[in-house]
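As written, the chain order gives the labels A, B and C, with residue 1 at the start of each chain.
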Amino acid sequence: MRLGEIAQVLGCRVIGDDSVTIKGVAEIHSAGPGQITFLTNPKYRKFLKSTKASAVLVGEPIEGLELPQLVCKEPYVAFAKLLDLFNPETLPAPGVSDSAHICEGVEIGKDCYIGPNVYIGEGTVIGREVYLFPGVYVGRNCRIGDGTVLFPGVKIYDRVKIGRAVRIHAGAVVGSDGFGYAFSKEEKKIYKIPQTGGVVIEDLVEIGANTTIDRGTIGDTVIGEGTKIDNLVQIGHNVKIGRYCFIVSQVGISGSTKIGDFVTLAGKVGVAGHIEIASNVTVAAKAGITKSIKEPGTYAGFPARPYKEWRRIQALVDRLPELYQKIKELARVIKR
Amino acid sequence: MRLGEIAQVLGCRVIGDDSVTIKGVAEIHSAGPGQITFLTNPKYRKFLKSTKASAVLVGEPIEGLELPQLVCKEPYVAFAKLLDLFNPETLPAPGVSDSAHICEGVEIGKDCYIGPNVYIGEGTVIGREVYLFPGVYVGRNCRIGDGTVLFPGVKIYDRVKIGRAVRIHAGAVVGSDGFGYAFSKEEKKIYKIPQTGGVVIEDLVEIGANTTIDRGTIGDTVIGEGTKIDNLVQIGHNVKIGRYCFIVSQVGISGSTKIGDFVTLAGKVGVAGHIEIASNVTVAAKAGITKSIKEPGTYAGFPARPYKEWRRIQALVDRLPELYQKIKELARVIKR
Amino acid sequence: MRLGEIAQVLGCRVIGDDSVTIKGVAEIHSAGPGQITFLTNPKYRKFLKSTKASAVLVGEPIEGLELPQLVCKEPYVAFAKLLDLFNPETLPAPGVSDSAHICEGVEIGKDCYIGPNVYIGEGTVIGREVYLFPGVYVGRNCRIGDGTVLFPGVKIYDRVKIGRAVRIHAGAVVGSDGFGYAFSKEEKKIYKIPQTGGVVIEDLVEIGANTTIDRGTIGDTVIGEGTKIDNLVQIGHNVKIGRYCFIVSQVGISGSTKIGDFVTLAGKVGVAGHIEIASNVTVAAKAGITKSIKEPGTYAGFPARPYKEWRRIQALVDRLPELYQKIKELARVIKR
């Protein structure tokens, strides 16, 4: 594909020779002739001089650069489209494997791939162009929407509803029992709280590898439309996550907590149970949210607080040795 | 079922009309006519006025409430029983799937469900009414007690002993190698420490989805009777956990650590190796336990310390900006 | 085996009776006659007097001990060899299961074990003496080197290259999509960044149960030779880990970060994306690394800093109550 054609497809413009042929995309330090590279993170700018790429995707024109530039207003979005153009995902051909175990009353739509050793429980309804990779387990009375992909070994318990164009990565578990027990002092006995609710995964959600999402105790655990969840995340029973949130790896959200729309929880954040987080909140990595957050903004620390406040306190913690020194001096001066 | 009958089964009393018919249990804000709701967390009391439920389960009678009340001394225990009454778990019918792979010398008790694509290794003995869901793997020379349920895709390595009425959720791994290596300076080589011990899971234990429990190096890793472990927890080699502990999601316990009875470790707690935690200890979320805890009580922070102490220090950390201000003023006054 | 023979095999010397027969290895407090025990951690020295073992492996001779001693310069290495001597791992006999699903163009070397319900995708090449336990999934165009073991339910996505003598534990996922999305303000739409790269796992690597390693966006995620990764670890896209590192349980490493050789990250450490960690760095448990570490050494805390610095600050945090007291006093004195 010529660079000019790519520019047309992506809605960008070219600075330099637009007739150069591009066969693939590569990282700036490893790209060779015939490849286009990209500069979405300024950290990698130093490699621009030495790159052997035939073109570079940029957000702003770079002056004095010989290399042809593909200038895109939203370079990261253009990068996504560029990758899709040269490396479209190749999913398996439709068909139902002989070794798939499909129970009674299961409905499967057109053009689905049901791989080897897949299990689909009674009464489950599967839409069109659904991909169930080898070893996927889907329990009873589930619903899986059109175009959804469950990667190898995903386990879906009974009565889970999954929307359209959802992607769930290998080893993820949806619908396991929430963690609830009642201790009877009278009987000196622990009772398990039956976990009788379900899980609703709305359209366009992506769920990472080995992530776990518990079913509701009663009522549903809900993951809102377009929300993206990374690997090894724990979502407790009856949690409600809104639309277009980003939940980064190893986050844990305790039971019955409600999260708004466009919320980002960075890696390893912990969230207490039975609280609410407003829409448009961003929480920095490793923070611990112990009570409801009502205002949009950026938060950090444990217990979590507004980011600026946390920075100020953190800076003072770092200066504690100096502070102790100061106090010693003051004490000495006073004694004199 | 009439409310009066429910009261009899649960050993509670009714305030108001005990003839109302109850068909199910629902959350307070979503309950409709014919459903009973519950008030076990005071946060939800505000919904009492507007709920459309036909009755409410409470711990103490609420005055001036028209809604029939089911008053139970231990409302959370009653709630567990109530859910069980209306939503009993429906496990698969007994039977051994054709596609299960059962090796030589395996013994399987009466009334077991052995699902599709289950693998059971040589010499393993399985009790009565055991449920092995599709894709479960059980290695060689294991023992699984009566009434135990292994959900889809659970992996049990060789020589693991599991008691009665144990529940292990999807994707959990029991008996993987502990993390042990020896570095030889002389040979400039890393040796793997062979992990030759086993794992013992006692009766009534529940283990969450994608949790991992390593086998002992020599001797066993032990999870005591009635202990409940949440999702994505890591238990290192040779750890011994006592009876009726609660280990919440994303906790990590390092090798050879010994934990007493009735211990609660809240979410994301980390525990160092080769230490001991006394019985009746509770540790707050995100704490890091770096040395043995000998006294019962509540602990928090990193390094973990008695909760009150942690609170005091934490409060002072929050006041650091004020403290710095104070010191500045003192310095100014002295200089004058 | 006589103690003298063991000493010869291990290159150690005996103090005391070298004719005693040893049949196995056991922990110091549970060992019985005919067993050898070991003292690699001084914490367990107190059990030496009461042990019923027939011999003990030590690093330095212990005076006044009647028990025959196997004195080894590197006792932990000798312990590894001792365990291997008495408890060699017994892997399944070679053979390909009837229920394995092997796609076209797959090459499998000599003496492999391909267990029940294993799936191997098109074009994948598997070396000699490779063990694929039941339920393992390997995607298309992968390469697996000689002597590698994939335990039950391991999932390998397409185009992953695994070296020789690698061990990957149950439930681990290699090659899942990295977490990358681009938000278009113009289109008000989230684009998934296609994850088109691969993963390279070099020789002698061990990966723990339910650990997840994402594929590169473009270019590869790389785990260097001999690196050992524990359970439930998250490795982001395009991360490069060097040789002979130890990555302990529940660590999370964000995308594009580069880690040197001989690096140890203790339990629950979090590492930010797009940074570099020098070789020979050790990071204490629960630390959070927010920027590049350029000097070898030990680091701790969040944000991570040199260990000694962290200790000093941490000690002062603990003394905050005392500090506040001091300031109050000073203020009182000054006012007088």
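Everything below uses one rule, namely that a contact is a pair of C-beta atoms (placed from the backbone, for glycine too) under 8 Å apart; a residue touches a chain by one contact, two chains touch by 3 or more.
Fair warning: this is a prediction, and the values are worked out from it, not measured in the lab.
Novice: Just say which it is for the chain contacts: an open line, a closed ring, a star, complete, or other.
Specialist: complete
Novice: Is it true that over half of the residue numbers where subunit A touches subunit B are used by both copies, so same, or is it different?
Specialist: Mostly different residues: under half of the interface numbers shared.
Novice: Measuring centre to centre with CA averages, how many angstrom lie between subunit A and subunit B?
Specialist: So the centroids are 25 Å from each other.
Novice: Enumerate the residues of subunit B that touch no fewer than two other chains.
Specialist: Where subunit B meets two or more other chains at a single residue, that happens at 99, 117, 135, 153, 171, 210, 232, 250, 268, 317, 323, 327, 330, 334.
Novice: Touching subunit C in the complex: which residues of subunit A?
Specialist: 25-27, 30, 41, 43, 73-74, 76-77, 79-81, 83-84, 86-89, 97, 99, 115-117, 133-135, 151-153, 167, 169-171, 206, 208-210, 226, 228, 230-232, 244, 246, 248-250, 267-268, 285-286, 314, 317-318, 320-321, 323-324, 327, 330-331, 334
Novice: Going by the contact rule set out above, which residues of subunit A touch subunit B in the complex?
Specialist: Those residues of subunit A that touch subunit B are 99, 101, 117, 119, 135, 137, 153, 155, 157, 171, 173, 176-177, 179, 181-187, 190-194, 196, 210, 212, 214, 217-219, 232, 234, 236, 250, 252, 254, 268, 270, 272, 274, 288, 302-303, 312-313, 316-317, 319, 323, 326-327, 330, 333-334.
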